[in-house]
Structures are given as structure tokens and as C-alpha cells.
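Before any comments, here is the structure.
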Amino acid sequence: MNAQMNIPQELFTPAGDNTAKQEHIARQHHSAFYDGWIRLRKNKAAVVCAVIILIIAVMSIVVPMTSKYTYFDTDYANKIAKPSAEHPFGTDLFGRDQWVRIWYGTGISLLIGLAAALINLLIGVFYGAISAIMGGKVDAIMQRIIEVLVGIPSLIIVILFMMALPPGIWTIIAAMSVTGWVNMARLVRAKILNLKSQEFVLAAQLLGTSTWKIILRHLIPNTISVIVIQVMFAIPSAIFTEAFLSFIGVGLSEPKASLGVLINNGYKALRAAPFLLIYPAIAIILIMICFSIVGDGLRDAFDPRMKH
Amino acid sequence: MAKYIGKRLIYMAVTLFVVAALTFTLMKILPGSPFDEERFLRLEEAKQAEALARYGLDKPVPIQFARYIGNMLKGDFGISFYYTNIPVTKVIFSRIGPSALIGAQAILIGLAIGLSLGIIAACRHNGFIDNFTMVLAVLGISVPNFVAAALLQYYFGLKLGWLPIGFWKSWSCSVLPSVALCFSPLATCARFIRTETLDVLQQDYIVTARSKGMTQARMLIKHTLRNSIIPVITIMGPMVVNLLTGSLAVESIFSIPGIGGLFTESVKNNDYNVIMGLTMFYSLFYMVTILIVDVTYGLVDPRIHIAGEEAAE
Amino acid sequence: MKKLLEVKNMHVSIHTDSGVIQAVRGVSFDLYESETLAIVGESGSGKSITNKAIMGLLPVGGRIDEGEVILNGRDITHFSEKEMNMIRGAEVSMIFQDPLTSLNPTMTVGDQITEMLMLHKPEMTAEQRKNRALELLDMVGIPNPAERFGQYPHQFSGGMRQRVMISIALACEPRILIADEPTTALDVTIQAQILELMKKLQKKVNTSIIIITHNLGVVSSMADRVVVMYGGRFVECGDLDEVFYQTKHPYTKGLLDSIPNLQLSDQKLYSIPGTPPDLISPPHGCPFAARCERCMKVCEKYQPSEYEFSQTHRASCWLYDERAKGGALI
Amino acid sequence: MTKTLLEIKDLSRFFTLSKGQVLEAVNGVSFDIHQGETFGLVGESGCGKSTLGRTVVGLYPPTKGKVIFDGIDVAGSKSQTQKMELSRRMQMIFQDPYTSLNPRMKVMDIIAEGIDNHHMAASRSERNQMVLDLLHSVGLDEEHANRYPHEFSGGQRQRVGIARALSVNPDFIVADEPISALDVSIQAQVVNLMKHLQETRNLTYLFIAHDLSMVKYISNRIGVMYLGNLVELASSDELFKNPLHPYTSALLSAIPLPDPKVERNRSRIVLEGNVKSPINLPKNCHFCTRCPKKQAICEREVPELKEVSPGHFVACHLIR
């Protein structure tokens, strides 16, 4: 108790007007996105994976351009050459340089994954938003359509599409977009329906804000986190689907190369040269891992409540 | 309850019709048909017309479709072009056995390991097991099943020779395919049950349970798992469906006479009727699974009133 | 009267990813036999964390840094989980604020009551446990207990569920019942029912109650003694009449003046300016300094010591230091 | 006689949950609100007071009956100018400080939204100045303008909500439980602020709450609702001194008073049972299942609101 005793007498005088400090906010100022960014930065794994994805994307463009080999040059002289300085990833059955082919294939797979995810995003967001915003009858009908589409085994339909249409990158993307957008539509609709009943949207209506302005200023900004997270999971699943299609022989045709084609070729020559399968396999697994971890990181940072 | 199921059946019927229409049109615009092989071209004109007639391919398309739906309702999916004269239904049912076995084994392994790992991970949050499970789970959903199948076949089949590399001679032939297929259910299950359990552990009734002075084990079983296991039912549907599509590649790798392999085969051989039949089978199986999952969820979770009894005052 | 519980100079901190919250920064109080002690404070005052610390139910990252908890003469502050399990539910039990989420939704109400008996009364047979549970349901005023025994929590209204919580807590006739804002989530008429029930049961089961609330009306109708907390610290404590009528601490005075008096028709309601302190970087002086109209320089620098006004009435405020000339508030 | 700003005529609002299940949130309610007055509306959860508030401002269309605001039928067909005028003169303050502000918008833009909609500011600098004046009038300042809602405490967020409502110089504000999510000391701050703003800006309030003591402090007249019906209406002093309807007296006696001496020696009416579900209600006095003075007639007919003494209305068969 003695510490309290020797407090000087003059401290016992009124401390003057402290109203200024009353409303003061202790923590320094930053925005909601900034908050999410801090949480994301703390997640080391997510940051590392994001960097890896970037490096892969850049390499998949740069390597095919700068390398002296192309993805289709055949060189029957040194078929199935072991990985060497000349051919870091060796050569395949037709003597084609695997180094270029794998990077080219990764590029194609990423392109397909991104394109399919973005198209699904566009259709899904519009469908979900219109269904939620219009509400009533329109919403009911659009929901029936979704319930019917959900019943369709999407991969089977995609395979049939691939058989019916001439193979090519854009066919794969189109095929995957037939029922790929349903998930995004359901997530966006649920989020907007929830937002529509929030009090800040009611307040905006009362202030005379037009429907369009409510959508642009209130609904969309609060839905972005849901959309971004869903895209991060849609890209790897699109890459997986493409690889699957090429593996069962309905995907891209020779000499075009995607990870699926490379894995398929690698599988055919598995006994002779396992490395022809292992390198593309590692590539696709690495991409899938990185996207999953970054996706999880984004969800925990920006929308903690939304469960996977 | 009956009303609910009735409504769902109607939707299923509509979906099946849409799938049938979609597949039928795709069939019609498919390049090449089973009759392009030289064998067919060598037949004279009349013989060709007669063969087409026998398969009803000479009629205008809408009529063919109407007739096809009519037969389908009677359970007749036409006959396979590849396996000449054998009805499609017979072909399909003869090949369900292996697929069912592999699928069941894959799900059982996935559930057993996935659930236990996920639950331990949640209880030891941020402990070693938690991180290990997370790594395993991410790997599980990142390794495509056909890559896993190929590698398993190469190492355990070829290199070490412990297990047969394919075909369907004995039970041991089903081990490698099941393992290849179990990665994705295992991973999805582990991640899901871990998130659900972590969520439940933060609920108020867990604090109540702790305030009753019960042991950690009892609280885990009686209060935590009881609430976090129920939602696992909801992911059973998508899990089974992923298995369906996974079996397409895995069965062709291990050349297993399953319906997955059949589908890939009939795709290569443009065997229209089998493809149509299989698509309908897959679609029906897919929707029945989802219906069973929804109904079980309603029965198991006392809070949902599918059974229709009102909240007493 | 015999002293049941003694809390001495308790400090609790909670480690979260946005920083370490100094939730409780020095609180002491006692609880005597068959008495009702009210712990009053606004959100963030640490009233709930203090009691969860007593029961060893701190959230993840929570830790008792300093201080002691003496229950019936035994120091249970650092009891092992096993030892605490012997006490929880048997000697001290707890009921919580939100009846809608405090019961296990997938377990029948009957099972949740008998479970408490199973844990602490192993000698009872299943039959005896069921009868005791039915008796408890009737005791807390739930109509036709036999039928309701097998039903699930979602089939009960808010008020009914709180009665079930009480029957669970009192199943083993504990010496102490800690009620954490038991009626905050309920409507006024239902709240009156629950408060009457708790008073009736206290006499019947002879248990002491610690009621945690921010509603001074509930305090004046339920409590014998009051402890007021602010910013994680003890501010004032004493008998009901002492705290309400001879209020010493400016915060308590401010709280009392912020509530409209139904008898007066044109009363000017006093409102304490400013907002509660952020306990991640708590003020090093008196927590109420920033909002106190009689704040002195010393209040901003040093945490006030305690001053006694009667055998039971104490307050922690520099105004009552002899060097503060002005002295008493009223 | 002060001007009547708002007339509510036999207003009903039902929600059809599913076939055969109709939720009668508001059922045949009529009362007027005078210019410059604070009309308190109290009742327990599920009595329909929030639904009534939202129907009055036009967020929900009424199922039956009318809401006339200064001569304009709120739900009727209105010209564009009338619609904009209504959206300027009627505003609302919400209960939950955490969901009533858009988390992705700065406080400056939240408050300025109304000003932009009604083009009340000639230039951007004038707009910003108007926002700063509004912030000062609710006890906040420039430091808060560029911050986001998640950086504020509950009480401060509520004040931003009030500033937003004031931004379009409304005449009438519906406050839907503005203080029930706040601490006691912060409640008094917000209520005093609303009272001050009422005097300086000549506002009329419809103040909805379940905390009766705070409602008495701020209201001139108080209406008590039970399961969708208005059961009693009187001036706030009259209601507390001489409650007529059995439910009102039970409600008042249930309030625990922060005054130990009074609490010790007062007898309390403790109602048995709890509120019925408002779905498919029978045509009778809905309080009959819990009313200590219940008689046969109460279970057969719906009592109508009668003026038993000047300004004191009650809906109960026992009181003529």
C-alpha cells in the first residue's frame, strides 16, 4: 500500500476537460479489406502458395516462347531420353522435349481452369443475383431450374459434350460451363437474399436509393468475398476435370498438350519411362495444392463464417 | 413426409427427362456412328437400310426420341451395338458388381480414416495431428484419382508385385482401385468433420456441458460428436457422386469390368444405347443418393420437421 | 454466517490473435451461506469472465494470471481438470444467458438432466434418476413433466428452456449457483417468472446465488449484496441499500442516474459520456477516469486503492483519499 | 390541437408462411401520431410492434387498412415526386448497430447517401460540410468521418445511424428498438440525444421498445401491443399511474425497479404460461389464455378499442 502513499498532493486536483478523449478510438484506422489483408498476410502458407502460382503462371508463358524446342517438334533420334541438361524433363515417345511441353501444358491447363471458372462466375453471379433480387415468382422458377440442373451428373454430360463437339480448348471450357455455374449461382443467391433483409439495405431504400444503386453500392461489394473464394475453388476443379477428360481420351488431341494429355501419354509409357508420368503429375498436384491453400486462406481471412 | 418425397420424385422425373433429351440430342450430333466401320459399309444398300430400320434409325429424330422414351418407361433401353443383341440393361447390370465393391470399400476407408483423423485434429487444435491432417487433406483433394491409380499400379503392382495390377480375378484385385478412389472421400471427410467439430466446440451448450463437470471423453462423445456427425451426412451425397466419376478412369486403368469402364468403352465405341442407358442410370443413382441423404438428415436431426410434427408449446 | 467462496485479487488475461485482453485486473469478493450476491457491470467489465475463471471454464487462450479462489476453505485456483470436475455441478453449478443455445439441441431434455445425476450421484439407479428428473421439472414449474421429459429443447419456449437449465443446475443441490445474465434474453413478464422461481428455489434448496447482470432493477429485486465492476476492475461493493442509497463511486452513481425513475414525470436523465475502455490497451490509471466528471490527475496515473465506509461497504476511488479535500460524492 | 401527422387506420399485416398457416403479425390497429410528439409503442417479442413500424414507413405493404402520412397514403399509388418526398420526410433508426451500417462503406458515404439521392448539396465540399455538421450534432467529429463501421463501439454506431436518418431533414422518424442492444449508460446517451434533436429539429418519433422505463421517459403517449392487437393507449403518466388493461398492469408490475425499498414491499402480478404462437389466431381476446380476470365473453369475441376517459383507450370486455 505504501506505493500509493507518496503520491504528490497536487495530483489531487481536477484533471480538466477530458471530453475530447471520450470519443477517441484507440486502434489506428484501417478498412475492412485491410483487416482481411492483415489476416491473410499472417497465413504464411497462403502467401507462399500464391507466390508459387504466380511463378508457375509466368513460367508457363515464358518458357514455351524462349526455349529452342517447341511443344510439337519431334526428334525420333533420342526418344525417351532421361532428364538431362539438354532436356531437363527428358523427352517422350516421339522425342519431343518434355520441359517445353510440361510448361506449355501447364499454361493450357491454367488457361482452361481460369476461363472455365470465370465463365461459371459470370453466369452464376448474374443468375444468382437476378434470382435473389427479383424474388417472388421469378426466383421460384429460377430455383426450380437449378434444382433440375443439380440432378444432372455434370461430368457425364461434359464427356458427352466433348464427344459430340470437335475437341479443342474452347470446347472443353464450353462443356464445363453447361452445369458448372450452378454452385456459384446458389452461393451468390443465398448471400444476396441474406443481405437484402439486412438493416443497412432497408435504410438505403428508405433514403430513396434506386434499386440499381443499392445493387452496386450495397449488394455487390458485400458479395465479392463469397465470389472470390468460390473462384479459388472452381479453378482447381476445372483443371482437374480437363485433366480427367484428356486422360480418358476425350480432351485435347495431339499434338496439343495439357497436363491431362501429358499424364495420359506418361501413363502409356509408364513401364519404360516413369518420369514421363511423374513430372506432369507433380505439376498438377502442386497447382491443386496451392489453389486449395490460397482458397482456404482467403476464406478464413475475408469470410470466416462461410464453412467449406 | 410422404408429400416431401412426392415433390422430390416429381423433380427427379423432370430431371431424368431433361437428361434424356440432352443425351439424345448429343447422340444425334455425334460424329460417326457405329455403322461407319467397314463391316457395315461392305453391306449392300438394302442390307444397310434394313439394319438401320432394325435399330429404328431411319425415322425422323423426334419420333425416335418419343419411341425411345416410351421404351425406357417400359424398362427397355434398346440393345447394345458393340455387344451385339445383348439388351443394354443386361449389359449394365452385369457390370455393377465390381464398381459397387470398389466404391463401397473406398467410402468405408475414407470415412473410417477421415472421420477419426478429423475429430482428433479438431480436439488437438493446432497440434501435430491437426497440421498432419490438414496436409493429408489438402493432398487428398489435390491428387487426381487417376494419377494415384497409375502410380499405385506401377509401384505396388509392377515394381513390388504385392498386388495384381488389374483385371478381376480375386478380391485382391479390388484393393489398389479402392485405395486410389479413397483419397478424395478421406480428405473431404477429414476437412469437413474437423470444421464442424471446431464449430460445435464453440457453441454455448458445450460450456454448459463443461459446467456439469464431465470428463473430456464423455463431453466429446455425448455432446460434441453427437452434433458434428450429423452434418457429415450432407457430404455423403457429393462424395458418392465423385466416386462415380472417379471410377471411370480408375476402372479403365485397372481394366476392371465395372460400369465406369463400360462407360469409357462405349464412349470409344460410340455405342449409343449403352451410353444413353448408363447416363440415365448414373443420373437416377445420383438423385436417389441425394434424396436418401436429405431424408436421413431430416430423420436423424431432431430439429428438422420433415416428419411434420409441430413444436409443442 | 459461514463463508462459502472467497475470491482474492483475481487477474485474468485472454490471448486472442488481435492481442492480449486484460479482461480482469484485480477483483476480490466473498460469498456467504444462503445469500444472493449480484455482480453488476456493463459489457466488457469482466463480470462474466471472473465467474468463468472460478469454475475453470475460461475460453481458449484464457488464463488466471494472479489471485486465489477459495471454495469451502480449499484453494481451487490451480486444481487439475479431474479435481475441478468433482466440483463442477456438485458444489458449484452455472446457468447461462441465452436459453436458445445453452442446451444440447440433439439430446432430450430428460437425458440432459439425468446426465448431471449420473455424473455426481453414481449410486442412483436409472429409475431413481428419472424420478428425480421428473421431480425437478415439476419443481421448476414445467407443466406435465412426464410428457416433456422425452422432448427436445427446440420444442420449448425461451422461458421454459431457462427453467430446464435451472433444473439441471440444481439437480445435485449444489452449495453455489452462478447465474450469468439468466433473464437478459427473456421478455419482462417471463423474466419476472424466472426471478420469482429462483428466489423460491433458493430457500427450498438452500443454495447461495451469484447473479451476474447489467440490469439494476434485477439487482434490487434479487440481491442481498452487490459488487460493481468496470473496465475489468472492482469499483464498489456493499449491502444492497448501501450501494443504492449511499452510493460512493461516481460510476455506480452514474449508472443509477441513467435509469429513468417511473415515479417522476419530467426527470432529466443523466448519461455518462464517452465509451467503455478498450481492454487490449487498458488505461493505467482508474478505468473510469476518461468518463468521470470528477476525474483528478491522480486518477489518470495511478489505480485507486480501496476505501472502507462500513464493515461491508467499500469503494475504489481517489475522491475518498484524505488528500482529495472535496471528499464524499453525495 | 396539434396537427395530426400520421393516421393509422385499422392496419393489418399478415405473412402467409405456407398453405393454411397465416402469421398475423399486426391485426386491425388504429391510432394517430401528432406533429412534434413522441409516440411510444411497447410490447413483448412477437407482439408485432416492429412489423407495425416497418409497415408505417412503407417497407412492408399493409394487408388491410391504410397509413396516411400528412395526407398521402403511404402504400397507395403515388407520383414520383410524392414518392421522393415521402422517402425524404419519413426515416428509420434500427436496432442492431452491427447490421444497420454497410461494413464496406466509410461513415462519410453512409451519411451522405441521402443527401446525394435528394441532390441536397450543390458541390462536393458542401456535401462534406453537411456530413460534418451532422456528425457534430450527434457528438462525433471529423476523426470519425473516414472510418469504417467495424471500428466503432455499439453506441457510436447507433449515433451514425441517427446522423444518417437526419441527413435528409425528415419530419418523422420510426425508432425500432434503437437502444435494446446497448449498455445502460450508452442507452441514456442515445435517448438524450434523440430528445435534444427532437426539440432542435421539430421531429416526431414513433419509439418502439420493450424496455418500458426508457419508453416512459421519452414518450408523450404510449400504446401497448399484445399478439398483433393494440390493447391500451394513454399518455405515459396516465398509463403508469392508472393502467386499465390486465396485460398492461401485469407488464408494469413485472418491471424490476432499481429501488430496493420499493421492491421489498410490493406485490407482483406474475403471469402464468407464455405467449401463444401468432399463427392462425382464434377470433377472441388473445390475452384470455393468461388473463387472471378472464370471463366467458373473452374467449368468444374480439374486444374493440374504446375511449374510457379522455385520451385513454383500452380494448377489454371487462372495462366499459
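Note that the chains are named A, B, C and D in the order they appear, and that numbering of residues resets to 1 at the start of each chain.
Going forward, a residue touches a chain if its C-beta (ideal position, glycine included) is under 8 Å from a C-beta of that chain, and two chains touch if they have at least 3 such contacts.
The shown structure was predicted, so the numbers you read here are calculated from the model rather than taken from an experiment.
Fewest steps needed to get from chain A to chain C, stepping only to touching chains, is 1.
Between chain C and chain D, the least number of touch steps comes to 1. The greatest centre-to-centre distance from chain C, using averaged C-alpha positions, is reached by B. Interface comparison, A-B versus A-D: the higher count of C-beta contacts falls to A-B. Here the chain at the heart of the structure, going by C-alpha means, is A.
Per-chain Cα centroids separate chain A from chain B by 25 Å. Measuring from the averaged C-alpha position of chain B to that of chain D gives a distance of 54 Å. Rounded to a whole number, the gap between the C-alpha centres of chain A and chain D is 46 angstrom.
Measuring from the averaged C-alpha position of chain B to that of chain C gives a distance of 54 Å.
Residue positions of chain B with contacts to 2 or more other chains are 313. Looking at chain D, residues 156 sit in touch with two or more other chains. For chain A, the set of residues touching two or more other chains reads 23, 27.
The touching residues of chain D, when paired with chain C in their complex, are 44-45, 153, 155-156, 183-189, 191-192, 210, 212-214, 216-217, 236-237, 240, 250-251, 253-261, 263, 268, 270-271, 274-275.
Taken together, the chain C residues at the contact with chain B in this complex read 52, 55, 57, 60, 81-82, 84-90, 93-94, 96, 98, 101-107, 115-116, 119-120, 151-152, 154-155, 157, 165, 168. Only residues 54, 57-59, 83-84, 87-88, 90-92, 94-96, 99-105, 110, 113-114, 117-118, 139-141, 143-144, 146-148, 150-152, 156, 161, 164-165, 167-168 of chain D touch chain A when the two sit together in their complex.
Per the touch definition, chain A reaches chain B in the complex via residues 144, 147-153, 155-157, 159-161, 163-164, 166, 236, 240, 243-244, 247-250, 263, 266-267, 270-271, 274, 277-278, 281, 284-285, 288-289, 292-293, 307-308.
Residues 42-43, 157-160, 187-193, 195-196, 214-222, 240-241, 244-245, 254-256, 258-262, 265, 267, 269-273, 275-276 of chain C touch chain D in their complex.
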